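Alright, structures below, take your time with them.
Here come two complexes built around subunit A, the first alongside subunit B, the second alongside subunit C.
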Partner chain A sequence: MGELLKRYGGTLTGAFILLTGFWLLMLIILPNLALFETSFRPYLPVVDMGGPLDTYSVNNYAKFFESPGPMSIFGLELSIPLRAQTFINTVFYSIIVTVVAFVFSYPIAFYLAKVVRPKSVPTLILLLFIPLWVSEALRAFAWYIILTLNGPLNAVLVGMGVLEKAVRWQQGVLTNYDAIVIGLVYNYILFMLFPIYNAMTSLDSNQIEAAQDLGAPAWKTHLRIVLPHSKPGIASGSVMVFMLAAGSLLVPTTLGSTRSNWFTQTIQQAMLESQDWNTGAAYSFLYLLLCTVVVFGVMRLFKVRLSDIAR
Partner chain B sequence: MGAGIDLDNVVCDFGSFRAVDNVNVSIKPGEFFSFLGPSGCGKTTILRMISGFNDPTSGAIRIGGAPTLGKRPNQRPTALIFQNLALFPLMTIWENIAFGLEMRGMGRAERRAKADELLALVDLQGAADKMVSQLSGGQKQRVAIARALAVEPQVMLLDEPLSALDLKLRQHMRAELRAIQKRTGVTFIYITHDQGEALAMSDRVGVMSQGRLQQVADPRDIYNNPVNGFVASFVGENNIFTGAVGATSSGMARFDTAHGQFRARLGETGGAAVKLYVRPEHTLFTTDAGVENSVPVTVQEVAFEGSFISVHATSDSGASLVAELRNDGSQLIPEAGQKGFMTFAAERASILPDGIVRAK
Partner chain C sequence: MMTDKMRKVLYHLYMGSFLFYLLVPLVIMSGAAFNNNKTPSVYPWKGFSWQWFIELWNDGTMWTSFGNTIWVALAVVALAVPLGTAGAILINSVTGMTRSVLYFFMVAPILAPGAVIGISTILFWNKLSVPVGLHLSVLGQVSYIAAFVMLLVLARLQSFDQNLEEAALDLGATHNQVLRRILLPHLYPAIGAGAAIAFFQSIENFNVTLFTRGTQNTLTVYVFSKVRSGITPSINALAFMLIALTLIAALVYELRRRRQAALEAAREEEGRRASDAEIA
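Moving on, here comes the complex of A and B:
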């Protein structure tokens, strides 16, 4: 603070603080507080707003647990509320997205950090970044075209004789969420790649050689030396990819089918299609809370501390 | 027990740069062998080729008589101690030491016992469950040694492992390393640019420059009978005279310089340009002219170093000379401005090729 004042003088420092304060308060804190307050009030016609019916309750939150339906989880037939089903699917496939992104990122990050000549790294990173110059919407549409029934992927696979006839990828081949998982992995993989790459560059190459010299085969060197060292990067990459995937609306809307439902779509339906901001807000906060619980649960499981991620 | 190592015409090129140039040496089983040379002379490349991290461009390396071509680092009976030690910071001390045993599939209890045994060997009992960051430099050094010994290598390769330690600890670790080598009988190959370290610890020293092995000999020979000017200068100080070789007889030769005529041992010159080298501690400052090898001088500066006295003088003909006189506690110390003579015994002075051994 004193440093800032000394460097920029009173006027500029005041402007910085005022603008930052305005941004924090007016654009983040107040809207969220307003939404939070809204989530506890009933959805009423305009005339009743502020009237005797307009009282605080948790009814909006309770809707999450209404209308149970059958769902099979790992072979178990359960009766679960529909919106909770959507939530479970969203979290499950977001985890799949995170795992797939990790599986692709780890070797690429290792290659960039430890294998390739340092001179070629900037070029390779540029090549990885170029797809990001295109907007997220266009990238999702690109995959829509690739995966469509008469699209290039089917043409190639049928042409090579891998498939007998074209399949509807968006309707799901393995699961109902295939296309969404592909699109989300493609969109967010760099958020996994770069934290891991960063963590790996700080690994002393002598450690890898020392492990080899002591008799470790390549896979054990990774398991015992490279992977533990990269853990903070993997953790922060995973949290980012998971939260981004779970919070994506565009990809599930573009690449989803009638048989897939992402929880962001549920919120969007409540807010925009039903115009019921109260319920939409309640779902949003519940979603934020539940996703945070999932993240902390997984961090606990893998013994990752918050300070590892912040590094 | 240690294994011998043979390097036959080993060459290593990095692009157009020849890092190691036609090196031939046989290291005996159980020997403490040092490669000594300035940075960039190729000594680390030799070590990396023996351990398997680099392949020779041509030539062969045999460990215990067996060719190493195509063998990966984890398939060779060598253990490397890195310059920065490369201990694993996320493992405890005993896990570090037992890492090689873990890779060989040894059970946990057995590994722990073996690690404790090695910790006792390097005098670090009680450190087993500490983390690497909790140890001092010298302790980390010992952990690195224990970790390398754990896999019972036949050859230990050490890449300037003492360079990060302070002077006192370095001298202590020298003795310690030597003792461990004697106790285990493992062949030690030691890389260093510190001539004192190489001379004090080794059975034999190989002096390197520009990728070529200049001389392989025991420390005494390296210091007293260097083969060329590079070796003479790298392992110690010299008074150097330029001149021409005159009449020779039974290994001795007359050497004519601008500062007078000297007599000295004639080295293997091979027809190259030569100079005369004599060590400051073999040079004397006297008030009477000797019978031979005597230069009239004026003392410029006298530095009292404790165990010896360093006399810097200029000859009347313009040569700068240094004499190191052992402090016997009673002699008269010369003073600046004093006139006298610098003399040296013909047997202690050598006529040597000026430069280094170059590629043929």
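Moving on, here comes the complex of A and C:
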């Protein structure tokens, strides 16, 4: 801090502190405190605000645990509150999306880092980037077209004889969330691919060759050398994809049906449809808590730091 | 046992199908823009038509949303760049616990769900009696986009030689001159990249904007509301133009990169020949 004063003087140092302070306080810390505070207050008409009814309670959070319904988890028939069901489904399918994205992008990352001629890498990366430049709303919409009942996917599958007749992907075939998972993987797979690729480029190819020379089969080379080395990239990609998937509102609304609810939709209904900002705040806070748990959990699991993830 | 050659062929095939998977949805979406069919689809094909482009051109809401998107993005750049740069300079000058805490608060919003950022923004400004609208979308977006600028500038600061500043001060430069003539010029590449990322992140943004926008539209929100409320292929026409623009930009970039690579290779060759001649 003294360094700053010496180099830039009082006025400029003050400006740096003021700007950073505005960012952290007015845009990050105070809004989150407002969220926290609002979530404990009741939803009241304007005249009653600040009146005797305006007291702190956990009623908004209690709504999360209302109206139980049947749900089966790994074959167990349980009675779980509807909103909690949505919450569980969102987390579960976001994990599926993350795993699928990892499985499909890992070979590509390895291909780009170690297999293909280094000369073609920039061209390939440019090609991979093209979908990223097209907005998320449109990427989701593209799958909406592909998956509709009379759409090209059904036409091709029926034409090839894979399916007997067209299916309603958006209603779900295997699970209620098929179309959402397909859309989320397509939208976010590159956020998994690039961190893993970045981590792999720093791996010395001699290590792979040494393993092969010593007779290690390919799967063992990956398991013992490539995978451990790409760990920071995998952690970073997984956190990114999980957060993006769980936080997505566009994809579940565009590709989902009435049978598939995403937790962001629950929040949106409270905020924008019922205009009940207090309940919306409570749900948002629960969501923030979940995200924090996931990020720190993954960081612990992979033994990486926040600065490794945010790059 | 698989030979190396077979494995390589498999890898090439996989890469090819991966690109196919990434790009075909965009092709299908573009194709539907030209199909003379009321619902957006490429199948069945009912004949070629420009009508959806004309409909898009005449759509006033689309143009307003487009204008709003650009304004919001420019405002986000104007705020996020100074905030992120100041944050990076500040965090670079502190160590230990203070640094970790500052870093945490700056970077955490990148990982927070956009919906939560949007909601906390309107709740906070509502307490200060600021109504919802695109100005709050700007503030909400800046809260996490400034972090991207901060990370880029911070990385650039690592390669900065602080002796330069000391030398300037010793030679009698004022504090303002040190900042303007020495530090900022070194940071310009990072600031430029940060501004570009901020601009595109803002254009892309949906989650924060949806909750903070009030009744105003940006392009992503407009597309979203169209998809929900009965859609016509004019959205595909919009998509086609965006994709075409992306492709042209990518092509220009690729050609320039190749030409540069070729130039460098030629120069290297030249250098090698020159040194060979010297030895001989």
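Structure notes:
Here is the rule we use: the second predicted complex is superposed on the first by the 272 of 311 C-alpha atoms of A that agree within 3 Å, B and C clash if a C-alpha of one lies under 4 Å from a C-alpha of the other, contacts with A are read in each partner's own complex, and residues count from 1 in each chain.
The rule is short, and it goes like this: a residue touches a chain if its C-beta (ideal position, glycine included) is under 8 Å from a C-beta of that chain, and two chains touch if they have at least 3 such contacts.
What you see is a predicted model, and the numbers here were worked out from it, not measured in a lab.
Of the two partner chains, subunit B is the only one that A:220 touches; subunit C does not reach it. When the shared chain is aligned, no partner comes close enough to touch A:44: not subunit B, not subunit C. In the overlay built on the shared chain, the residue A:209 is in contact with subunit B alone; subunit C does not reach it. By the touch criterion defined above, A:228 lies against subunit B but remains apart from subunit C after alignment on the C-alpha atoms of chain A. In the superposition on chain A, contact of A:289 is made with neither subunit B nor subunit C.
Once the two structures are superposed, subunit B and subunit C can be ranked by residues of subunit A touched, with C on top. On the subunit C side of its complex with subunit A, the touching residues are 2, 7-8, 11-12, 14-15, 18-19, 21-23, 25-26, 28-29, 32, 40-44, 82-84, 86-87, 89-90, 93-94, 102-117, 119-127, 139-140, 142-143, 146-147, 151, 162, 165-166, 169, 174-176, 178-179, 200, 203-204, 206-207, 210-211, 219-220, 223-224, 227-228, 231, 235-236, 238-239, 242-243, 246-247, 249-250, 253-254, 257. Across the complex, subunit B is touched by residues 204, 206-207, 209-217, 220, 224-225, 228-229 of subunit A.
For subunit B in complex with subunit A, the residues that touch the partner chain are 51-53, 72-74, 78-80, 82-84, 86, 88, 90, 99-100, 102-104, 147-148, 150-151. Interface residues of subunit A, counted against subunit C in their complex, comprise 1, 3-4, 6-9, 11-12, 15-17, 19-20, 22-24, 26-35, 38, 104, 107-108, 111, 115-116, 122-124, 126-131, 133-146, 148, 150-152, 155, 186, 218, 239, 243, 246-250, 253-254, 264, 267-268, 271-272, 277, 280-281, 284-285, 287-288, 291, 295, 306-307, 309-311.
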